[in-house]
Amino acid sequence: MSDAVIVVVLLLVAACATAAVVQRDPARQALVLSVLGVLLAALFTVLQAPDVGLSQLAVGSALTPLLIMLCVRKIRRRGRPKEDAR
Amino acid sequence: MNRLRLWLLAVGGAGLAALLVAACLDLPGFGGRRHPYGDRAVQASLARHTANTISSVNFDQRAYDTLGEMSILFAAVLGCVVLLRQARDEHRDRPEPAEVARPVRRYALLVLPVALVTGLYVVAHGQLSPGGGFQGGVVAATALHLLYLGADYGALERVRPLGVYETSDAVAVCAYLVLGLASVLAGTAFLANTLLPYGTFNTLSSGGTVPLLNAAIGMEVASAVVVLLAHFLDQAVEIEEEQGS
Amino acid sequence: MHILPYLVAAYVFVTGCYGLATSRNLIHAVGCLAVCQSATYVLLLAVGYRDGATAPVFSDIAPGSRPVVDPVVQALTLTDIVVGATVTALLLALVLQIAKRHGTVDPDELRELRG
Amino acid sequence: MTRRTAPRAVLLAAGELLAWWAALALLWLVLISSVDTLERIVGASCAAVGAILARLGRRAVTWR
Amino acid sequence: MNGWILAATVALGGGGAAVLWGVTTGPPARRVIAQNLATSAVCPALLLLSQGYGRPAYVDLALLLALLGPVGTLVFARLLCDDLSEEGASAWALTWTAAGLGAAAVVALCVAVGPGRAMVKLLVVGALLISGNVIASRALAGGFRGVRGG
């Protein structure tokens, strides 16, 4: 019975990982990845690993999305020429 | 061609999945009682007065392993700096100042110091409560970038002299190595935790060299993340390619 | 419940590999690699878990008062998460270089360019 | 940079730094679980770093 | 299994499923709102878990999430502002509901903990969580209208 919370979070992580893979657009994938980071932190907490959860929170909630979104922005800016950058 | 590739992938994936499931069936059951390494690590950590066993494993029992992790981190940041440097056919555009809604700007300005102090707290208490240099460093570095999110890139550049962070990254790596060598000079092994007294259990000064190595890692991670994000931000915001290239 | 966490880890890994192999965008592929990485974290922590135990952090409980989980796997995972993020950044920097040199981030188009 | 700064501006800057330092030191005391001398020293210095950065950030952005 | 862990399970299961559904379907505006709600669903759950396991040290996790979750949302609000500007992403009813739930969890925990340092810490986390969520919602509803290129 006390494992219910572990099962719930495990299933959520599995579903979120699937969603992160099927989203083909990198910007939308970054959104799902940041949710995956938060869910993984919750999973690590219920697996009694608060240190790892902190690590995942620090990296997954802000750093990785920022890196991916900056990359997306750079490539989008390359894609459209200067004139419509206004 | 594409269809063939998909079939190949399906066959390979099914094989991999079957092997993984077979391996899972043979693993010791989830939540089992037998953790010989874990029990010994906890004993060793308590013997050295380190309240957070995970920090003790990272910075004392397996400090040499952390040195390896740290050099991977250093090399990865170095690689990013080399890859994202300004090429000859690129020039810098001054980013335009951005008009951000007032509550968002104020939130960023107020939360920046709070997040920074929280990050430093996580680093400083790495050997006591959950946390440590790796986590706290990332938090402190992220806090700085609230200035970009809440205002514009120019504001961030004004409080972020990049050379200082590059230097402190290198200094932190050297500090870790020097702490390791200090124990060699004291007559024991490289990175052995015998240099300092172990202190009172569950206080800030407990754990011998663990807090110092922890702080070195915190400094290294924080400056590494700042340098990394600086180059990505330069690419995304400032650097433009020459027209007609 | 006996092997469910291991199966979830295996599933996440295989899903990430599928995304990696069928990706049409290198940034998306890097994201899928991050998913694969998280599978290893789940597996390691599941191996170290012990029923009814708590974290081996003795700042707020007395040592020996409660059973604790395995700290060794947690230490492995913890460093790998931060180092993994910087490696992800290195890969993204490579993707940016590819986009600059070849003007595309689609692996199939890249292969056609190479001939 | 030998421009003379008005005493009023200096006072305002010192007041801002001091207010931030006090607030952040208080935050540190809330976060920790047991207080001793070393803890106070580390907390005070971390709060000082935070206060300086808060002022630098505020000046870079200009509060509007 | 005690009441706190049960409440956390409900918050994680219900909130997590709703967030997952919101973040994978619909226009970009809705996805970003769902991403913002992930913070406000998981952070109270982490607080409840810390109480349920009897480990005050776990509160640090909720503190970090309350600080960094809104930062993550601001990243998307800033770098996706071109996609968001067409239909302003405002969901104030949802935001205030989530804030109310967070406040309820914090108040319940404060009553259980009793006065002291731990209670002040909980209140700090609660204040950061609620203000962060409200500001992130404000940013999504056109907080970066004036941002061009940078």
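Letters A, B, C, D and E mark the chains as written, and numbering starts fresh at 1 in each.
The rule is simple: contacts are C-beta pairs under 8 Å (C-beta built on N, C-alpha and C of every residue); 3 or more make two chains touch, one makes a residue touch a chain.
The chain list, named the UniProt way, goes like this: B = Sodium:proton antiporter; C = NADH-quinone oxidoreductase subunit K; E = MrpF/PhaF family protein.
On a predicted model such as this, the values are computed, not experimentally measured, just so you know.
Colleague: Between chain B and chain C, which partner chains are common?
Modeller: Touches both chain B and chain C: A, E.
Colleague: Considering only mean CA positions as chain centres, point out the chain farthest from chain E.
Modeller: Relative to chain E, the chain with the farthest C-alpha centre is D.
Colleague: Counting C-beta pairs in contact, which comes out ahead: A-B or A-E?
Modeller: Looking at A-E and A-B side by side, A-E shows more C-beta contacts.
Colleague: Going by average Cα coordinates, which chain is farthest removed from chain A?
Modeller: When every chain centre is compared against chain A, the largest gap points to D.
Colleague: Taking each chain's centre as the mean of its CA atoms, how far is chain A from chain D in angstrom?
Modeller: A distance of 34 Å separates the two centres.
Colleague: Taking the mean of the CA coordinates per chain, how far is chain C from chain E in Å?
Modeller: The mean C-alpha positions of chain C and chain E differ by 24 Å.
Colleague: Can you pull out the residues of chain E that are in contact with at least two other chains?
Modeller: 53, 55-58, 60-61, 63-64, 68, 71, 75, 148-149
Colleague: At least two partner chains per residue is the criterion; list those residues in chain C.
Modeller: 1, 4-5, 18, 46, 48-49, 54-55, 57, 59-60, 68-69, 74-75, 78, 81-82, 85, 89, 92, 96, 100
Colleague: Where in chain D do residues touch two or more other chains at once?
Modeller: 27, 31, 33
Colleague: Output every touching chain pair, sorted by label.
Modeller: A-B, A-C, A-E, B-C, B-D, B-E, C-E, D-E
Colleague: Over in the complex, which chain E residues touch chain B? Could you list them?
Modeller: Its residues touching chain B are 57-58, 60-61, 63-64, 67-68, 70-71, 74-75, 78, 128, 131-132, 135, 138-139, 142-150.
Colleague: Over in the complex, which chain A residues touch chain C? Could you list them?
Modeller: Contact set of chain A toward chain C: 2-3, 6-7, 10-11, 13-14, 17-18, 20-26, 29-30, 33, 36, 40, 43-44, 47-52, 55-56, 58-59, 63-64, 67-68, 71-72, 74-75, 78.
Colleague: Enumerate the contact residues on chain B facing chain E in the complex.
Modeller: 95-101, 103-104, 107-108, 111, 114-115, 118, 122, 129-131, 135, 139, 142, 145-146, 149-150, 152-153, 237
Colleague: Which bits of chain A are touching chain B when the two form their complex?
Modeller: Going through chain A, the ones touching chain B are 3, 50-51, 53-55, 57-59, 62-63, 66-67, 70-71, 73-74, 77-78, 82.
Colleague: Which residues, counting only chain C, touch chain B once they are in their complex?
Modeller: Residue positions touching the partner: 1-7, 10, 13-14, 17-18, 21-22, 46-51, 55-60, 63, 68-75, 78-83, 85-87, 89-90, 92-94, 96-97, 100.
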